[in-house]
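Order of writing sets the labels: A, B, C, D, E, F, G and H. Residues in every chain begin at 1.
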Amino acid sequence: MVQVLDLPPVLPNAQDEEAGASKFCPGCGHGMVLKTLAFAIDDLNIKDKTVFGCDIGCSLLSWNYMDVDSVQTHHGRTTPVIYGVTRANPEIIGIAYMGDGGGLAIGAQHLVNAAVRGEKMLAILVNNTNYGMTGGQMAPTTMPGQKTETTPYGRDCSVTGKPAKGAEMVSSIVDPEKTYVARATVSNLRALRKTFKKALNNVQQGGFSFVEVLSVCPLNWRTNNVDTWGRLKTMEEFFEVKEFVSREGLEG
Amino acid sequence: MVNKLIKEDTKMFLTGNEVLAYAANAAEADFMYGYPITPQNEIMHTWCKLLPKTEAGFLQTEDEISAGFSTIGGILAGRRAFTATAGPGNVIMQDAMSMAEMMRIPFVCAVMQRGGPSTATVIYAQQETTLTCFGGNGEGYRIVYSTAGHQDLFDYMIKAFNTAWKYKFPTFILADGYQGKMREPVMLYDPASRGITMEKTPAILRSGVSADMKANHIRNTFNLEEELMEELDKYEEEFNRIAPEIEEYEEYKADDAEILIIAHGIVARSAMTAIDELREKGIKAGLFRPITIRPLAVKPLRAACQRAKQILFTESANGQLARMVLEKIYGITTPYSTLYKMGVGVTGDDLVQKVESMVKTPAAI
Amino acid sequence: MTTKQYMGIKVEGVAKGKADWYCYTELCKGCGLCLEKCPINLKGEKCLQWSKEVGIYQTPAVQPDPELCIGCGTCALVCPDSAIRVERKP
Amino acid sequence: MTRTKIALAGEGGQGVQSVAKILVEAGYETGKQVLYIPNFGVEQRGGVSIAFCQISDTKIGEPRYSKADIVIMLSDRAIDRCTTYIDENTTVVYDTSVCTKKPEVKCKKLIGVDANLIANTELSARVFNIIILGVLLEATHVLGLEDIKNAMEHALGKKFDAKPELRELNYKALERGMNLLKEKAGV
Amino acid sequence: MVNKLIKEDTKMFLTGNEVLAYAANAAEADFMYGYPITPQNEIMHTWCKLLPKTEAGFLQTEDEISAGFSTIGGILAGRRAFTATAGPGNVIMQDAMSMAEMMRIPFVCAVMQRGGPSTATVIYAQQETTLTCFGGNGEGYRIVYSTAGHQDLFDYMIKAFNTAWKYKFPTFILADGYQGKMREPVMLYDPASRGITMEKTPAILRSGVSADMKANHIRNTFNLEEELMEELDKYEEEFNRIAPEIEEYEEYKADDAEILIIAHGIVARSAMTAIDELREKGIKAGLFRPITIRPLAVKPLRAACQRAKQILFTESANGQLARMVLEKIYGITTPYSTLYKMGVGVTGDDLVQKVESMVKTPAAI
Amino acid sequence: MVQVLDLPPVLPNAQDEEAGASKFCPGCGHGMVLKTLAFAIDDLNIKDKTVFGCDIGCSLLSWNYMDVDSVQTHHGRTTPVIYGVTRANPEIIGIAYMGDGGGLAIGAQHLVNAAVRGEKMLAILVNNTNYGMTGGQMAPTTMPGQKTETTPYGRDCSVTGKPAKGAEMVSSIVDPEKTYVARATVSNLRALRKTFKKALNNVQQGGFSFVEVLSVCPLNWRTNNVDTWGRLKTMEEFFEVKEFVSREGLEG
Amino acid sequence: MTRTKIALAGEGGQGVQSVAKILVEAGYETGKQVLYIPNFGVEQRGGVSIAFCQISDTKIGEPRYSKADIVIMLSDRAIDRCTTYIDENTTVVYDTSVCTKKPEVKCKKLIGVDANLIANTELSARVFNIIILGVLLEATHVLGLEDIKNAMEHALGKKFDAKPELRELNYKALERGMNLLKEKAGV
Amino acid sequence: MTTKQYMGIKVEGVAKGKADWYCYTELCKGCGLCLEKCPINLKGEKCLQWSKEVGIYQTPAVQPDPELCIGCGTCALVCPDSAIRVERKP
């Protein structure tokens, strides 16, 4: 029976309670990633110096989700907005939150160059193997054989190449002494929280961090709860979940 | 705080690009984001060379898209940041400019026009007039100063920052490759010495938000058509309301002009050369030069057009200013003629000849 | 801190009385992801199940069998919308 | 009336657009002029879902109208969004078993139906939207029952063939919806 | 060769985006390059779903910049290639479009307008009118068909390919999110059945150049201002010369209209609804709808404006078409009024009310 | 004494003799790269099926240099134009010729995505450690301490990151079975010719090839002939000259 | 004449812009109005290099002019490019020891000088452009010798200080250039 | 094939008479890169040197000492502008 409850939900401090239920679809991975990020921000007590930028893609729906100052940008452009912010004020911990399309397709030049220049920021790339917001087209990360609106008969890798691996690419171009690169997954949110903490600590030390998170998009995958987790498992087999680059002594 | 280099009036012999770098410093601009493109490079070069003295910031980005968006980031963080571009760079920077327009970000950009469309020439044109005023997928809630030489570059670059931060509309210096690359004398000064106070530039995204302050969320996306319209209607109202405070123009012998030349930017200077010559020949020519080409100073513009017997539009473009003017002088019946040289400088001689031919064979509507 | 009142399902005394279990129906979107992560469900038992109550989208919310629930909080951890809370009693 | 303007609004999960599709498909198949705009926003789910339908005997001009002839609202948020399409010529239907408030509108007729409750208790939660289709059919009087059944066959035929009892269930829901309105008309 | 799906007249009930995919196939377009953006996605989705039947080609690129430039590549290689975009995608695709303009590449693009500026809404607007006609750093040597429903979408999409390949100016279908997402009946046909012959699409960059043929070098950059002007003057001359062959417009009860509504695209349909209602009320309203909004059919436009007692501009934008029209009707003194709803549909009711108010209180210049 | 000569210069067939002296500055590496490329095209006898695209950057000056059909594009956009061509007509051997700015800065998203998708084309990136055409600004490849117009006091890697390594990045994202990636240098044009042949052969077999060529820009480097070669040597120490990815049996 | 319009054109290596810079710098320092546009194109080297200079007692309007008062052309390609700036009021100077053709123009005066030869044989190849500066100085008569010497000091002072014999060489070149024109004037 | 006539410097009988050496002055831009690659120069001898003749930009072209030049063709290989040809005699 539905009743008035005597306790409120446990929300991270860095999440804006007033925003209410998120605008994401039921079961969307973005919700898991963001709440975990918010907890990590709480853990490090850096809410007051964090600026959050979200991409266009389903990430845009987080524009008022976090209880930190935030800016909604253009598709692919969150990275430059955020390094614009942190170049201007290096005290700020800048987080650029984007989808796989925003990070690896339309915004790839920004991600690559921010990584090469070692911009002081955390780039989070939510890999849901498709373009969620526009209704489920192929993304650079779409799995072999995966059906999307633009690969209605399954992605044929002989035509469109194999799925792009963001973390591997970023790892190949960064300065290992100042960078943190990892791939995590929403199937293990405790590990994700640690990963975010390491990534944020690295930024606090003036470095560039990149975290790719394997996520789920039940709406466009057309999966129920069972299949959603199942599909994520397949992704984890394809995209290696691990730390790629880390500097010594980084705490998580 | 940035160190200001010009403390007292200093006459110098500079390129226009150098002037812009000095002007930005005089305006206490403290960060430039940018991507190289001819003919604006020397703004950046000069800015970089001066960095040890000014202690300002600079970031060379990976393209103009990122130059535009990182400039926005810098402004959000409370810096008096700016950028500069031209040609194809101006085209792709429209992405960021349209976001600045939607979010009311005091974006300042110097546009040094070059030939178009496409890569075309790296030299000179007035072909980015429409683009700078109305580029992007919006309605052009932008303020655009079209300069006509080095003193203008200095004066209006300083003013651009104040306009942008006061009214929160993206503000542009629209110049060109001639102005950028040419050298002429210019008087540099400390704005304070002219009674100019620089607007404050508070951070929009704050660091160190205290725990009890509400976080600031800024966005450019709306879920409903009506939400968008409501917002834009406000902008429209505001843009119109402040226009009279912003509009600037210059007339040269326009009072009694029978043939009124309408020209902006550097072409207006050629018009003055021509007018002097024409007046000597007894032809009553005059000039109306919009300084703000967006918004246009509509009232004096209409008055001048009404007074004249003929109008001559002249541009180093194919009537980009003329389109904006004709929109605003609708209903007037003074016939007009045109002299357009796409991507090529209009000289005094060109105009003298053209006006003489108009005297011989008057224009008809 | 919130002053907002939340509505939802409260299952008292799960984990052999050591915890209370809450589902905020204004937050629950009925995605069912929690169901698949409940360790008891994973063992093949029917602990966390669809509820008769509906969530924010008029779709079923969830609710555990108080006899089976061990109050581990996995469901709360995984819920994308923070719609579950498991409160250990002092 | 040669043109009927319909707005149908509900939450993401309620099947508003599927109902609208069946309706306009039926209209199209009977040779009428039809224009249907699903509303859409940035949220894939979560926003209110509205279907703007027009069915007419003559060519349809405006794609969107100011005021609808019939507005059906299936949630509180739908009520908030749709009030703007209602004037004194509008027939307004809302689901009393979902909405917690009564629309405060000046209109021709305000009809509350408890389709959701009926679906859950009498039929099946899955046919809630078909009950609404029945309501709509009755409210508009533009299309015949057979037209709609044909269109349902078109949209759901495969499912029906797989599970023939579904066809019956849906027909029942449709009629239940029509009757619902007949009963309630004039309330 | 691509397989054509529509062999005989087929009435269908489709979304506009689906219509465009079918139309492209009917026009024997054989390659689509594109990047997803709402509200044009379903053109791409439909195109992809049909691929096994059509045996056409498709490439999803990494952004609109690459969609535009790879479309150019496809065309250069002799394919009847096209693309589609909207909103911010249209903004950054201007980079490629301006190259197509400079190089006279028969670039075809469907623009499904959404709210602007910036990301704004994914729904609907007419705010990309200026952008589509004059975007980029050039003069707008482009041909733009503004459609008003599904039959138009089919007819003009086919025509767009022929116009583009015949005249070698970039050609656009300017529609909007309503048209893209809405469903209405439409008659699909094989162009041949209407006596339409598709233009040939010879490769501009040839493969298999025989050893004695001179290689073809195409460029968009000039070293001298004068070289550029010479080229552009040719374009200008040509654009004006062919304009009469291209211009299209529609009038609805405009003959005796005292109040002439000027509207394009889907808004023109609302105007017709309003006009019928107004006529019933005894108000002589009429419509002038430019179909080609670039180039405009200036003669009939001026004639209609001259005949009317008042003009009403209405757009789901802030006067973007009006600016282009006012440029061309300069000298006429019929007063005008405006009804602009930025990013929001204009309904028949809106217009009825507005015209009634104009009857009561006539507009002044 | 200048006289009429009895023999014409030895020009590759795939170079357009009528273009005369190239438009590049005296001693520019572009000339060396292009003539070597033209010889490689001759070697493989593929002139008739080659389409050459040049970027904006000093590469644009090659718009009429080659005796193959060619297209001058926009800064950073040669890659999409060329894969547009080869997608449309896979018979064509497409070559995208660009500078380090065009490839690694403004066009990085295209390079990365073309590599991931395995577009059938050869991308040649001429690394001269600066933006030559615009008068010598910093490029992503600018060497530590190098003076350019935008790093007038020398590139400070703690501010702008370390030089970008294109070949390494591309190698990290490609399908090794279909790709050829190498870094070569104008100090060894015989090796470069081999490299180009391998790269072109790989394209003929339907693969993606990327060749970064270390080059020289005496104008903006302000180097005389001696220092030009010297500077190139330093580059070769920093940017490893080698084959990064090659499929078996590729002939050079 | 209150305004003097000068066009100076040559090949990339000939130092045209450095000469122009010294000239306009001298003009600026003497308090005149000056406007100088270096021409530039996409080629960093290779195109013809032109300097457009104006020196005036009153404010300068047009930045580029149709016809120049003085045109100096230092190569065949410079002749091709600059003919457009010449009319019957223009004094035209060209280097006979570089150009292989004589400009075919209608002008006020056409003067051939062999500055390149003189530089190579009498002085030094490096001061070719300073000879041209001398020619220019004599042709314009707008600035005094001392003004130019001051501006040269400004531009080349450091080099002169390092190698004092250079100053003499340059002065000689300057005077040689002036004399060259004096000799040739009227040819 | 060309029908164009080229002007330039011809040094006959280099490599002990086994080859002719050509420099096309319309192509030579005087960059001097070839000078640094001539193996004889590298040995410290003065084989390939600046010429008295000028190239296309009025800057010195180059020319080898016929006594020293071994006709190896390195200068031709390296020249960015194909301004050198070394022709082995049959």
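Rule of thumb we're sticking to: a contact is a pair of C-beta atoms (placed from the backbone, for glycine too) under 8 Å apart; a residue touches a chain by one contact, two chains touch by 3 or more.
Source: prediction; values computed, not measured.
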Worksheet item: Hey, which chain ends up farthest from subunit G, C-alpha centres compared?
Response: C
Worksheet item: Taking contacts as defined above, which has more of them, A-D or E-F?
Response: E-F
Worksheet item: What chain lies farthest away from subunit D once each centre is taken as the mean of the Cα atoms?
Response: H
Fill in: Distance from the mean Cα position of subunit H to that of subunit E, given in whole angstrom
60
Discussion item. On a C-alpha centroid basis, what's the spacing between subunit B and subunit F, in Å?
Written reply: 38
Worksheet item: Can you list the subunit F residues in contact with two or more other chains?
Response: 24-26, 56, 60, 72, 74, 105-106, 108-109, 112-113, 133, 135, 140, 160
Discussion item. Quick check on subunit B: which residues sit in contact with 2+ other chains?
Written reply: 38, 62-63, 65, 88, 95, 99, 118-119, 121, 123, 220-221, 223-224, 345
Worksheet item: At which residue positions does subunit C touch at least two other chains?
Response: 57, 59
Response to the item:
Checked against the stated definition, the touching pairs are A-B, A-C, A-D, A-E, A-F, B-D, B-E, B-F, B-G, C-D, D-E, E-F, E-G, F-G, F-H, G-H
Response to the item:
So, in the complex, the side of subunit A touching subunit C is made of residues 1-11, 15, 17, 20-22, 24-32, 35, 189-190, 218, 224-226, 228-229
Worksheet item: What residues on subunit H touch subunit G, complex-wise?
Response: 57-59
Worksheet item: Given the complex with subunit C, which residues does subunit D contribute to the contact?
Response: 11-14, 45, 75, 98, 116
Worksheet item: Once bound in the complex, which stretches of subunit B touch subunit F?
Response: 35-38, 41, 44-45, 48-49, 51-52, 58, 60, 62-64, 88, 118-119
Item to complete: Flag every residue of subunit F that touches subunit E in the complex, lowest number first.
Response: 16, 47-49, 51, 56, 60, 63-64, 66-74, 77, 79-89, 91-92, 109-110, 112-113
